[in-house]
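There are two complexes below, and they share chain A, which is joined by chain B in the first and by chain C in the second.
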Partner chain A sequence: MKNRIQFGSWEATALMVNLVFAHVMLIFPRDMVKFGGSASWMIPIIITLIALGYFATVLKLYKNIGSLDLIDISARIGGRTLKVIVGLMITVFLILTVSIFLGGFSQTLKIISLDKSPIEYVEALFFIGMIAAAYYGIEVVARINSFLVPVVIIGFILITIGVIPAFNINNLFPILGEGYASIAKGSISMLSAFASFIILFLMVPFFKKKYLKRVGFSYIIVSGLLLVWATLSFILVFPYEVAVDKKIPIYQMARHIEFGNYVQRIESIFVFICSICVLLFLCVVFTFVIYVFTKTFDLKKSRPLILPMAIIVFSLALLSKRTNIELLSNNSLTLIWLTGMILPLLLIIIGAAKKVGLKDKGDIKNRQKH
Partner chain B sequence: MFLSIALCVVTFSGCYDNSEIEDLAYVMAIGIDEADSNSFNLTFQTAVPKSITGVGGGGGESTVVSSFKTDNFLTGIKKANEYLSRNINLSHTKIIVVSENIAKKGVAAFLSGLQQNMEIRPNVNIIVASEGAKKYIESIQPKLTSNPSKYYDLLFKTYQTDFLVPSTQLEDYLYRAKNYGAQPVAIYTEIDKAIDESKPSSGEGDEKSDGESKKSGDSEKKNMSIKGLAVFKMDKMVGKLGPEEATLFALLTGSNNNVKIEVTDPLDKRFKVLGNVIKEKASSNKVKIKDGKPKININLKLNIDVQAVQSDNNYDEPDKAAKLKIAYEDYLNKGIKSLLQKVTYKFKSDIFGYGEFAKQNFKTIDQWENVKWPEIFPQSQYDCKLDLKITRQG
Partner chain C sequence: MGLLNSIGKYIIYKEKNEKKSFVLKENTDINCEIAQNVSSLDVFDKEKLEGSFIGCPVNDDILKNNISSDIELNKKIMMTTYDMPKNSDLVYREFNITVKDKTLKAFMVFIDGMTDRTVISNNILQPLMLLSNLEIKEEVKDIGEFIFNRLLPFNQIKVVKDYKEVVSNINFGGCVVFVEGIDYAFMADTKSWDHRGINAPKSETVIRGPQEAFNEQIRANTALLRKILKDKDLMIQNVSIGKRSNTPCAVMYIKDIANDSLVREVLKRVKSIKVDYIFDSGELEQLLEDNTFLAAPQILATERSDKVALMLSQGNVAVALDGSPFVLVMPATITEFLHTTEDTNIRYPYVNFIRIIRMVGIAIALLLPGLYIAITNYHQEMIPTNLLFAIEASRENVPFPSVIEILIMEFSFELIREAGIRVPGAIGATIGIVGGLILGQAAVTANLVSPIMIIVVAITALGSFAVPSFSMSFSIRIMRFVYILLGAVAGFLGIALGLVLNSMLLASSKSFGVPFLTPFGPVTNGKYADKLTRKPTWKQEKRPDYLNTKDIKSQPKVSRGWTVKDSNEEDED
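On to the complex of A and B.
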């Protein structure tokens, strides 16, 4: 399946950053505090450094892979069988991701704003957005991300600037918080924030390999800065004893903003930017569900898949709601989240060893000789 | 097309939950009073939007006070919903008042339940009323404005409440009540005999009154005012601070860096000098623990802007300014020493939050928790250094 769709590195970076940023909007800062206590701000720094190391390694390996995505790599490594296995694994992973986020965010919205609405109604609204996104395809979704993600990030930064008067430096002590072991455990567990790497390696054919380095590093650095700033500002506002009980961290911070009689109750802006952020997240992941499934089975048309897949996602989201919102931060799910980093790494290592990307060049040279 | 769908999703999502202002009862103040053994009286002061806006004539009372005997907060709200035939909404609540009797027994259970409610703001002020919560709420009929919300905003910004500190607010109160680094305080109110508010003697009010008992009730309503801070140890009230002590407390903790303090005129004891005391950012607190005892160094750098002198003395002159400086030093040294002793050795409650500074001496949370700060705090030794500057003479 050849890709004629293309977009630039800016669109790709914005799309990728939002995939990490959606975690910040929901539960990420609180989970950091659970692991690190007053030293929670160290964990996003560590996971960003790990992500940088991971990507630098993968980038070197990608020299032998060309502009192939994960589905192509698996096809070149193990033929159609491996392609189907990997394609299905990625599809299941992405369906789980989008379902859990749809359920989690609908719950969040119900808690903070739509307390009377049935959860099915809240989910249905996002369901419509996801279907529309999948219908219009990856290029449209990427281009919309390119101008809405900066708006979301500016909104978030304004909220954190607004709470600067409430910062208390004493909240950062004891300096090592819960201790080295807990920080290390949290750093591994919370690497899940970068599970979206899998989408980066599915997107390579859309923006060409020459931009992979730029997109990858900008995505990690911008996302890392946002993760660090979100956690740091959260722990500076709330002492760790209080922070661990705050269900929706950025919303809780926004409730603290008050400048005179005019700037108050900024949390309504949070609801707006959070809704946009999560809607974009759901649209991107769901669009890739359709893309991966279509590519895995070499289907000519993808649109007939949209509604059935959406119904599966909707049903799973309703099921996840019956557990609770903590599903997003459940430690037992960490391994599933880490699939987003481990699976691409394994495929890229094997693909690089077999030099799957160089086969095309070799074929071309042979053809030219004849 | 996609963008319009996305925007519809975001903007229409609230339609299901919309509610008109007339459908809700906005609670301005919540009062908690002691009742029988396992129950308490819950009082709501609810805004009357019609009277506030003046629509349809207005003119009536801008708030309604109603009380319900209940054994838990949720049941109380249900009763209020039924009685007022509106849904109770706590998003505009400004104060939570508890009676002194309840405060002495512990209030965290009531307030924790309240904090679970997403509507309630984290900056709601906690007030302890010596004469009972309902009595206090009834006494604070908004004056000079028909808007009760504005009245409360202004109440906490006035000169009389210069000592108001953020730690009297709900979120900070609960943090302090459940943790060891700092202990809670709340605003303390009692009858103030110095206030005499008079109304025109003739008119409808008198005609409608029911006799002597009503008149005496009105008199009590007028006389409640903020008198200082209630000191807590965990969630139980253990004592109170007067207005002067509360002002020094605000200065020490940095919660109010700009307070007005008056001292006896050093050159004429009959009069007073009023100064605006401004705490500089260079002021600092350092806490070290030696042999299991906290050593607390307080370094206060203050600028005093003299604002009013009752006598004819000219404090522009360097000699006289030096005497005024000594007078302020004496006042502050004595006041701070007395306050520290009272709170540390009598109340044994770290309302200053020196435990938060003590955390800097420990690397991990386990190490900090093992110190058991509330147990060692009463053994604290203080070293307080004052650095005063008379910056401008009025």
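On to the complex of A and C.
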């Protein structure tokens, strides 16, 4: 399949950062607090370091892979059969992600803003965005991420700056919170925030391979900083005992903003930036669902797939509507999210061992010379 | 008698003369090919067809033929082509030329009103009729060459060999001279007609900067650009558009800056247009643009010569059309529609200040009514309590929901704007009074709208006036209505959805191969210093990266030589 999609490292980084940042908009800070208590801010640092280590390892292995994505790697390793298996696994994983997050986000917005509207109505609005994104394709979605994600992040930072007067340093004590074991458990469990790695390795052919290092590291560092800052500001505002009960942490933080008579209760700004962030998240993941499925089965056209896939996602989101928000913090399910890191790692290790990116003799010779 | 007649009219009925009414008949389909050759053919209705030949247009194939040395044939073709003498502004003048005791028949054709009569009389007719009678000392080998070299003392004269070129030149103010025995004609560029002078721009006014706008004359426009750029590499390629009108059009670019493929694409698109007539660059814009249904414009139309010159110097391509005071520049990305030429002329701190104001104005023009609806319907908690009471009190007696209220107001405002443009100048002030009184005072007094809504619409209107581009302003006005509806159906989520969809729509569109949202989406590399804000003039070292220009550098790293310490100065120290 000839690839004509191309975008730069900025677009790719912005897109990837938003995939992690969307977790912050939902329940990530609260889950951190659940695991780490007053030491919850350590968990994002640890998971960022793990993610950095993971990516550094993968990057080394990628030298033997070239600019191939996960589907191409699986095709080179095990032929069409493995390609279809891996392609379907990724599709299912992404469909699961997009449908659970669609339900979760819709429920969040219903709680905080559209309380009189039925959940289906809220989901339908996201549904429109997802369909449009899949129609325009990955390139366009990446482009809009490049300028909308910075807006979202600035909005989030402004919210957190707004609650600085409510910070209480005592909330950070005891320093180690619930202890080493709890922090370690939380670090493994919350590594799911970086499940979006799978999308990074699907995007490699879209930007030049030399940018993989730049994109990967900047994505992990920026996302890590955002995770740390979100968790830190959350735990600084709410004491541990209160924080674990807050369902939508950033929204709850935004409610605390109060500067005089005229700047208060601006939590609706959260609704605005959260909606943009969520729409971008769903657009990206759903566009990749269509892309992966099309590529797996070497389909010439992807547009006929959009509506059926969207209906599947919509139905799945509705099926789990009662448990959506809780589903996102379900421990056993969090481990499933790790597929996003484990599956690429396995494929890349095998691919690197088989030197799938250097299939052409000329390439191998060139590498030997160097 | 008169009195009797008048009384008689009331007593005796007299049938009125029936008024002959005109009926627009369908054209009878004449086979012009048969009609033209009817004398040699044996066909039915021969007599009728012979008469109808005069109504047949001269076939293009005939005009493609080379000029004949038979002056009678040339005369016949010119007469038929222009349907002379029925065509009143066509001037046909026969005369004789004497060359070495030999008298040759000649005639000239030109259009009265488009040509300079004095020039034709003094520089063409007079020499041909009088100079030819002087004694000729040298031997005349070629009569045509002799006439060209000795008898036509006119600076812009050329030889044309086919009728098509003759006709297109006559249509554009040329004067053609046919001479017996010569199989070509002499074409003098005698065009001269009344036209508007170079005035100050009307739709793109600036305080700091040149005050010259284009006019309807293509040559004056190209000359303006030459005058500003003074660059030998400025290319002005002529193309004519319109099968019938042959309207002159100039494709302009700087050959060692503009991307070759871009120039080729523009030329290809311009040359490929097949219409009978073209009247304005607005029509041309619609024929050249990539996406017809996108709300945002994709080609910049400007009446400012300095703006076109600036964009040409960056590597863009411009297209000027005769008869239009607006020149098209392509490719155009979002930044071009948000900047003015004044931005380059005013100082660095001022330009960035004014650009921030402009961006805020544009955001207000696009989103304020939608945000107002979203906040008042879904996110009331955002409004400070005192303000909320004030809004509530002002809306107490208004019977409509706020969305209907704002739609009424926005529609009324658009109506006033449209009427303000169409209304004759003399009664233009009335629009302000009617609009201001009805919308402002009466509507509030009648409790049709709330005062807060008037403020929202007024601020929105001010914001929309800050949009520098006329076309872009249209786009924002249309999108504003969409945001109002989205704000009404889902609050901030609706607005966010609108922003994402709108961004996708714009990000997917291209202007001559350049994505419309460049340099923001995709983000381009390079150090192009004039994006949302502008860097100091001395830091604008590179041309826009997305234009893939041949020469990316517009100035060296150190453009202010005086900032570098001079070696002579060092010695002096």
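As a working rule, the second predicted complex is superposed on the first by the 358 of 370 C-alpha atoms of A that agree within 3 Å, B and C clash if a C-alpha of one lies under 4 Å from a C-alpha of the other, contacts with A are read in each partner's own complex, and residues count from 1 in each chain.
In this text, a residue touches a chain if its C-beta (ideal position, glycine included) is under 8 Å from a C-beta of that chain, and two chains touch if they have at least 3 such contacts.
These numbers come from a predicted model, not from an experiment.
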Practice item. In the overlay, answer first, second, both or neither for which of chain B and chain C A:Ile144 touches. Key: both
**Study point:** First, second, both or neither for A:Gly340, with chain B first and chain C second
**Key:** neither
Review point. Regarding the shared-chain residue A:Gly216, is it in contact with chain B (first), chain C (second), both, or neither?
Key: neither
Exercise for review: Applying the touch criterion given at the start, work out whether A:Glu11 contacts chain B, chain C, both or neither, answering first, second, both or neither.
Suggested key: second
Check your understanding: Where does A:Tyr262 make contact in the superposed view: on chain B (first), on chain C (second), on both, or on neither?
Key -> second
Check your understanding: Touching A:Ala133 in the superposition: chain B (first), chain C (second), both, neither?
Key -> both
Review point. Touching A:Ser275, do we find chain B (first), chain C (second), both, or neither?
Key: both
Review point. Touch check for A:Pro239: first (chain B), second (chain C), both, or neither?
Key: first
Exercise for review: Pick one for A:Gly186: touches chain B only (first), chain C only (second), both, or neither.
Suggested key: neither
Study note, to complete from the structure: chain A residues where the chain B and chain C footprints coincide 109, 113-114, 117, 122, 125-126, 128-129, 132-133, 136, 140-141, 144, 261, 272, 275-276, 279-280, 283
**Study point:** Contact set on chain A toward chain B in their complex
**Key:** 37-38, 109, 111-117, 121-122, 125-126, 128-129, 132-133, 136, 140-141, 144, 168, 170, 173-179, 239-242, 255-256, 258, 261, 272, 275-276, 279-280, 283
Check your understanding: What residues of chain A sit close enough to touch chain C in their complex?
Key -> 7-8, 10-11, 109, 113-114, 117, 122, 125-126, 128-129, 132-133, 136-137, 140-148, 261-262, 264-269, 271-272, 275-276, 279-280, 283
**Study point:** Partner chain A, residues of chain B touching it in the complex
**Key:** 1-3, 5-6, 9-10, 12-14, 16-17, 118, 121-123, 153, 171, 174-175, 178-179, 181, 353, 356-357, 359-360, 362-368
Review point. For the complex, which residues does chain C have touching chain A?
Key: 375, 378-379, 381-382, 384-387, 490-497, 499-501, 503-504, 507-508, 515, 517, 520-523, 525
